[in-house]
Amino acid sequence: MQVNETFTPTIVAFCCNWCSYAGADLSGTNRLQYPANVKIIRIPCSCRLNPMFILRAFQRGADGVILCGCHPGDCHYTTGNYYARRRMTLLFSLLDFLGIERERTRVEWVSAAEGAKFAATMNDFTETITRLGPNRRLEDLRCKEV
Amino acid sequence: MQRSVIETAASLLETGVCTRVLGWKTGEFFYDVTPAVFTSAEEVRKDMVFTPFCGANLSKYLIAESRKEGKIAVFLKPCDTFSFVQLQKEHRICRENVYAVGVQCPGMSDPDALKALGLKGLTGCVQEGDTLRVDTLYGEKAVPLADALSLRCRGCKSKRLHDCDAIIGTQGKDLQTSRFAQVEALEAMTAEERFAFWRKELSKCIRCNACRNVCPACSCETCVFDNPDSGVQNKAAASSFEENLFHIIRAFHVAGRCTDCGECTRVCPQHIPLHLLNRKLIKDMNTLYGVYQAGADFETKPPMLAFTLEDPEASIITQGRNGQ
Amino acid sequence: MTDWSSRVQEISGVNPRKCMKCGKCTAACPAYDQMEYHPHQFVDMVQTGRVEELMASKGIYTCLSCFACVERCPRNVQPSSIIEAVRLAVIRRQGGNHRKPDEIPALLNEELPQQAITSALRKYSKGG
Amino acid sequence: MQRIGVFVCWCGSNIAATVDVEKVARVLSQEPGVVYSTDYQYMCSQAGQEMIQEAIREHRLTGVVICSCSPRMHEATFRKTVEKAGLNPYLLEIANIREHCSWIHKDKLTATEKAVILGRAAIAKVQLNAPLTAGKSPVTKRALVIGGGIAGIQTALDIAEAGFPVDIVEKKPTIGGKMTQIDKTFPTLDCAACILTPKMVDAAQNENIDILSYAQVEKIQGFVGNFTVTIRKKARYVDENKCTGCGLCTEKCPQKKIPNEFNLGLDNRRAIYIPFAQAVPKVATIDPNHCAMLQKGKCGVCAKVCTAGAIDYKQQDQLITREYGAIVAATGFEPISMDKFDEFAYSQSPDVVTSLEFERLMNAAGPTGGTLLRPSDGTHPHTLVFVQCVGSRCDGGEKGKSYCSKICCMYTAKHAMLTREKYPDTEVYVFYIDVRTPGKSFDEFYRRAVEEYGVHYIKGMVGKVTPQDGKLKVQASDLLGGRQLHIDADMVILAAAIEPDKSARPLATMLTASMDTNDFFTEAHPKLRPVESPTAGVFLSGACQGPKDIPETVAQASAAAAKVIGLLVKDSLTCNPCTAQPDELMCNGCSSCEKVCPYGAITYADKPFRGPNRTTRIRRVAQVNPAVCQGCGACTVACPSGAMDLLGFSNKQIMAEVDAICR
């Protein structure tokens, strides 16, 4: 994997409206910095995240996708994040099975009070993705071998 | 077996138990068996077969057939009955319109396996116990059944017939098999090796949709890939990415509903081992959320529609292995 | 010119700004009477940059490294780590260790906390 | 063709200092469908809102994108704005370029670039927005208050006074809470019982209030306006309707050595007991763990002496299910355990007590009848040392709490003052880190303790307490005096930090209400909605939301009641229109969505559809009840055919955002 010095990854963060989006707001309110590569998409609940959205992001050029939701037990809709947890576990496992770098996808539980955790998570995730370099494998998976 | 299947079918029609029979008939070649609906005993006696090549899982056709007028009789092998139950669980089959006949199965053969054994010019074939008597242009050859079995039958999970109105042969039991062996072998590889494996396999895909069309779990009224409103419609892949998307999403959509019948791999004209994707998910669900077999009963909640408070976090898939 | 205040913070890994000046460290200190400056003052002096005074004080060698202040501190400031860092700073300024590395193993007791060992070595061999 | 207007807010310098707002407006004006794009200092101001409305009319806008602060802040404001200009409020999208951009980035170029991308995503989404209309759901005109302390009582009284029925669920045998255990109240020094017990009686006599004491909430279902709650009323083995509260049984019961919770174990009670004289309801309760009859089947003394025939050893727990429109959490607080503070010798000497124990030792109805005596030997103490901030303001969390418990400074001043007043022969020391007395007449109160009552306030902390020869050797620091103090004390009183009651966490889970890391309930907005939980229909009263003294608790309790009344007077509520919607033509009828719906909003119907060749097919299809659906979207992903979609967050909308961000 070539590491490009000037590589700035595109990262999509799906945040549930009630905890993690508010957590992201809090990290803004507290002026906690994280890289501008991270763009947040607001979804009502982590269980709204269709695996299709993640693949779509990769398809359109994202290098990393992270899902943030309420901590288990704290879901605004009671059970949403439990379903999200199972779905993401299996999706990530399947991607891993296909040989796609598993660090490109992540789930993190961030509460509305955890602005600092949100910023730290995004810093760490961006660092990981930058180290991994551009996402090519999903695209390359279909290419004929030379 | 062949005779009793055909006689049962004919008598079901003659006695008026059903008005149609869903079974198999041969196509161009004797080993090219295809599903068929018969409406009279004459038709049944003329065309219906039950040979070592009746791999086709007939349960999916019941979604449409069971909604038609009159009762339909269907012949199901043990693995097909799992799909039959699973589809009922999803309210897809009108059970009252179906007369299900379970047929015990010694394992279905694969013409490619015979060819691989060096047999050429196949003209016919009869199974006798553990042996397959194959007629060829060059004379009759005896082959051990085990060597002729199709890939999926070598890892048969169960000989149990579920939810049948009648049974031909004897009721069987669940089997202990090593059907996850190949999944485990892949898991043991490095990410690069897995990537190379799948790149080799998936690059063969011609996107004929055979896997989707034969799959009993892929029985949506309209597939998301055919639906212009879904935002992901792609009847023909516009980019190399979309092939991956298709197989990943397909595996994900059938997760927890796939009975591991193996039809996807059987029908793939490019011989891509697609069932491995499904088996990987089945194996993960079994280890992470407790053993679950889709279609084994009517009550258990599928793992994708359930949860426990103690489920492992998604990071579990990266645990226990060194970061690479 | 070395900024000893930030050096001490760096060596000790302690942020003296966490201190809320409750004085519990000083209240818990068994060597209070022998000290010119007291635990809460160490922290304050490092924070306000009066480290030279502290380095010149004999009091830093009176600290027993008993960790009572560390144990009791509600803010996890670790005054004794600061003291140890000041002692270390003194040694670094003098530009040399006072014992040769091969002399050390024989003096070690496995039960002792690491800091107690190193601080003892520095305290009792400060003459070189 | 869409006609989209883009409005970029400066938010004064909050956005404009780090984002080139003019450039953002200029670049976004080139996006497909955008016909108008501008920037302005404060979009949320009257002038800004009027500007948006004018642009909607003038440019016949079909969609509006506002690049400003978080939608959690002003989405509702701007929805009203566009609605007034005749645009459907759901044809609005907000790009969060403040919290998610200008406030976290320092480089103007980077921040501007990101703001443009966020704006593009919002434009891409608004292209696909559809006008939505909110439905209505009815409101059950009854409130539930969980917790019967002063907070719960006040909330219940206010709601009841407004004419709505309200139930109080209290886990203890009597309502009253912590305030019943307090002797005097600061800064007026009036007796707590004198002001609390009349309120308890009011609550008991109010015909709109139903007190369910010795009861706990087991299950909560439903949503704002329509909660269904199951309450377990524990068996107290005494018929509440028959018991007259005469107390004869509590005198005759042979089981005498049971630590009395009300006096914090400083004295004993019987197995059948009434917590205190003014308990409401004033009925006896049998402690099943200590009653000989219930444990071994032998005794029955209470039944024999009870002239009312109220004792019922066969009583069972009772499950009550009721419907409510609103729920108020008023679960209160507990002092933290002193187990981890060995340095103060709490577990080694009975003369080291917590402040709440000290309240009981000073109280006329307490174990010593109001005379201050040492618990160890019953002698009169001469030297008392008060330690503040025990377990409060701790870093690291494991040993104590990171927050200030707020009430300790004042009650410690009160204790010191009362001690000196009653016993002028005592020496009273208070060790403090800071004395915090913001509040009406609070600092004056503290100064009086120092100036008029001669309490020794020492800036410093106690480091060690050692029991020795009947005394407590206190080693402490005097930071201003520059010395270490050694005091031979008779008693040490610890101002223990307070923490939320243990029942709050499971309750929050049942309510799906969020909590902070300390298990205090989170308010919907820290400044503007301090008595509401983010979960609609759930309100917060008292110390369950954060440390509070009595006047603050009562103020918040009444505020919560006002909010509840505001909800209950409505006949129906406007529902969230962002609900799940099935495409019946694609629905398989497989029940996957039904299985994951947490609200039971999905049912199935057999409906006729047109089949091939003019035939009719009956198909089983999903139906969503929009009044019940809360719009989480779990069903949309469970649906294999993609027939289920979420209005306002549709598959296509989210993917359009993804595309815009990744392009």
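The letters A, B, C and D name the chains in turn, as written, and every chain counts its residues from 1.
In this section, contacts are C-beta pairs under 8 Å (C-beta built on N, C-alpha and C of every residue); 3 or more make two chains touch, one makes a residue touch a chain.
Only a predicted model underlies this, so the values are computations on that prediction, with no experimental measurement involved.
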If I average the CA coordinates per chain, which chain comes out farthest from chain D?
B
Would you say B-D or A-D is joined by more C-beta pairs in contact?
A-D
Just the number, please: Cα centre separation of chain A and chain D in whole Å.
31
State, to the nearest whole Å, the distance from the C-alpha centre of chain B to the C-alpha centre of chain D.
54
Averaged-CA centre spacing for the pair chain B and chain A, given as whole angstrom:
35
Per the C-alpha centroid definition, the whole-Å distance linking chain C and chain D comes out as 44
Send over the residues of chain D in touch with two or more other chains.
596, 638, 651, 655
Send over the residues of chain C in touch with two or more other chains.
none
Multi-chain contact sites of chain B, meaning residues that touch two or more partners:
224, 232, 304
All pairs of touching chains, please: list them by chain label.
A-B, A-D, B-D, C-D
Residue positions on chain C within touch of chain D in the complex are 18, 20-29, 32-33, 38, 40, 68, 72, 74-77
Spell out the part of chain A that touches chain B in their complex, as residue ranges.
51-52, 55-56, 58-59, 72-73, 79, 82-83, 85-103, 106-107, 137-145
In the complex, chain D residues that touch chain C
343, 389, 393-396, 399-400, 433-434, 459-464, 475-479, 484
Give every residue of chain D touching chain B within the complex, in rising order.
583, 585-592, 595-596, 604, 617-620, 638, 640-643, 651-652, 655
In the complex, chain D touches chain A at residues 70-73, 96, 98-101, 103-107, 110-111, 113-114, 117-118, 121, 508-509, 512, 514-517, 522, 534-535, 578, 596, 598, 630-634, 636-638, 646, 649, 651, 654-655, 657-659, 661-663
